[in-house]
């Protein structure tokens, strides 16, 4: 499907600073960038690089002088996803996992799966298949965690959210990831542009490794799963920050947009449906 | 220098299980494996793989049957290191960093640098060069943290240790790393075999990215910096566990050894010295 | 009922030190001390005092010299309790509470009720009566928390246990208390000698203020509720430590015993029963 | 000295609710209430009670109907304090403490002194007298913690502040208390009206038990120590909340004022001075 995405970021720069942005749509076999541009006003040359451990696309912006800086990213993206009955996939044991996914079993800054082991086992351990476990986790997080802006901050982790039960999309994703990992299901953080998310903003959800494939889950249920343009997958928000700021810089505004360019009607997909059990972007 | 290293791990396996071990000496331009063997008794074929985001060498051992399993790794390793006056290296700004080191600025499970920002700034911010900051951090951790076995556990993080001020090599390393990252100095966890460490065990310390190079620091000061055989570098212990166990398995013993094979006399090196300021294994 | 209780505490004293012990059976309208003695070997005069905010009986032992010290407390205690259908008590609103119980709504060191508000509300908020809420909390803690010695330590709090789901009687009590307070039900920590507890040790459980009365609950379900000799009630374990040590002292052993002296048969009581719904000492 | 203090609290009440306020000036041998009034608009009868474990004066306001409620407290208070050279007081050992102060050695919700033991010992343990330790703690907190509104919230504790090093008067007090207790110096939370505090608000600081007397310390150094009208002393903010709300109530405004009524000139006192070393309200 074709989407037009954009992000505008305004910064108030007090002294020479560096920004590392991670707002570019991912390029891979399932997501093609038809066109894109990054406009920095006043003009600054930005250097793009790709992280060693993935395809995530970063740009480094070295701002030499104080003053306001406006950054606008626009892209037309064609992506595809798979709708499959992942429930019926053969369950994989750990020794059948692709070795490269094993890192997504480890606890990380915001996903302390090691501390959630008993809770995850007591709450979801009785469920037979890994797919059903992740669905149950997603529903449990959706039911128990209240979507509440301003309650959490950049230090809030899954260990907080599992008890405090309030937060935003990032917190929902971290808790889902941590509970999956605690049950030996690899899981990773997903950031993207989200069609029909109200209000428009960057969105975060998570992917779980089920049946040998990364399947998408969103415990907020705020955006259709088939309307996402992927920016990054990462261990958690620590590795997929929209912007990392080095210097005396304040963010003055963020405007995000995601529109559908296709002519065909869009049928939003939310779990669960009888005809399929999952959606996967690579 | 040439070292002979060995690790013997005994496991009591209750049911079919999988182990992922990270005990193999690293192979890279600065560390050559002259010979090595891995003996698993009873015999099981182990599969070696290298992590996508580094050179760390893992082996996966699928144990089909209950019973005791003994694993022995032995290697002869020739490594080299650089002694340099890193203090005098040109200081790099963030925008001069190799982009691939940026991930080592992010907080991780055991190194919540985001929560240590003010403490690091208040305690070390006045120090001029990054090299001197890391030396001061190392000395501060050494002075303030008591080496105390059994006080901490696998959940203990730098955020705990900075206040509770007791722990083992792993905790010293995590705190050093977290403080560096809080000051925008990339830092990573280092595991290895350590000559002259008493009693012999796996050792952990850390590397900080100073003047464009990874320089070794050990806040425990328990082992000479020039007697290390590197196993892994990683974000923190979550990514460099000696053994990750999937199944009903208990570790019954661990025996580690590191001997010098060279004929020349060994002059142990501890910071700081006037003729050099740092040691770097790649 | 009449019980004979005893506690023997052995200490290895390295230098002049002070111990504050809270092992004496409470004296109040419902618990009579028929006889008691405290033997300290070598002989030291102990000073007894009662805490300002309750009846808890402390003794202060000033140990002038290094060496082993053995302390033995023995008492014959006659206590009584009420079995009542607390479920049918009139529910009290906060403005009907005895003002002196309001302090037991506040969060304390080990019972961070303020952080458990949403979890308590989501899990137990739908239950109509306060009595039924406390029964549900007790059962929930019993079901979800694994009794596991050595997993927790003196720093472990309800905020840890609610997620980590393992601990000893103290941890079970703290979690029960914190969940009650989060639901505006006053709750306090209870320590005592426990008949038929295996193995014999000091025991901890909790009291909730229901229908204007303190009713006993024990989420461990390890000891009959009608076999307890009360030592203290307090905000949490911070205020009811068996021993507070000031000095260089190590505890070498603890032996506790509780025997029934009555001739009549003892019918152990555990919740719930149809003929009554609660037990209350005090 | 004579002060006129006032507090105005506005509430937006959504349904029948109960407020417990702790805004009345303390009455004791050192503080006399010359006149006072509490006006609740619309009129509601408020019930005053005193906490069992102290002199703190609470009022309970049962609000039967929704709507705005305005509460105004005004008092003329005559208090006195002692300026003494507490530094020269005889140092008391634990066994010389008034038994009733021992509870102020225990950790509490916001003052986890048990977790700060090593840090306190490493940082302040070398200092000889208790008085000098508390002065050093006060200065250390003042130097290391940044006064920053909005950084912390009602869940923030000393364990957070010791590392995160930012907060408001409440956080400064909690950290000071926790560090004192970790060094076996009883310490308690102090709330009051503060002359010359800018902007006017309720203030919090702490008292440490030095030489057998409660001596006042304020790590914020924002208000003169001799311009305080005491409201409460307590274990920590959990027991001395300005307002505890039971029901669906929002606070719409708080206005606080403290004026000097005496004619003599006011000489603000801040530590340390050569002619005295401490100030004590009882």
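Going by the order they are written in, the chains are A, B, C and D; count residues from 1 in each one.
Everything that follows uses one rule, which is that a residue touches a chain if its C-beta (ideal position, glycine included) is under 8 Å from a C-beta of that chain, and two chains touch if they have at least 3 such contacts.
Computed from a predicted structure; not experimentally measured.
S.K.: Which other chains touch chain B while also touching chain C?
M.R.: Per touch definition, common to chain B and chain C: A, D.
S.K.: Between chain A and chain C, what distance separates the C-alpha centroids? Give it in angstrom.
M.R.: 47
S.K.: From the mean C-alpha coordinate of chain A to that of chain B, what's the distance rounded to whole Å?
M.R.: About 30 Å separates the centre of chain A from that of chain B.
S.K.: Whole-Å distance, chain A centre to chain D centre, using C-alpha means?
M.R.: 45
S.K.: Would you give the residues of chain A that are in contact with at least 2 other chains, written as numbers and ranges?
M.R.: Only 115 qualify.
S.K.: Let me know each pair of chains that touch one another.
M.R.: Applying the touch rule to all chain pairs gives A-B, A-C, B-D, C-D.
S.K.: Flag every residue of chain D that touches chain C in the complex, lowest number first.
M.R.: Interface residues on the chain D side: 18, 20, 49, 51-53, 58, 60, 62, 93-95, 99-100, 102-103, 105-109, 111-112, 114-115, 154-155, 184, 238-239, 241, 244, 246.
S.K.: What part of chain B is in contact with chain D in the complex they form?
M.R.: Result: residues 115-116, 118-119, 122, 143-144, 146, 159, 162-166 of chain B touch chain D.
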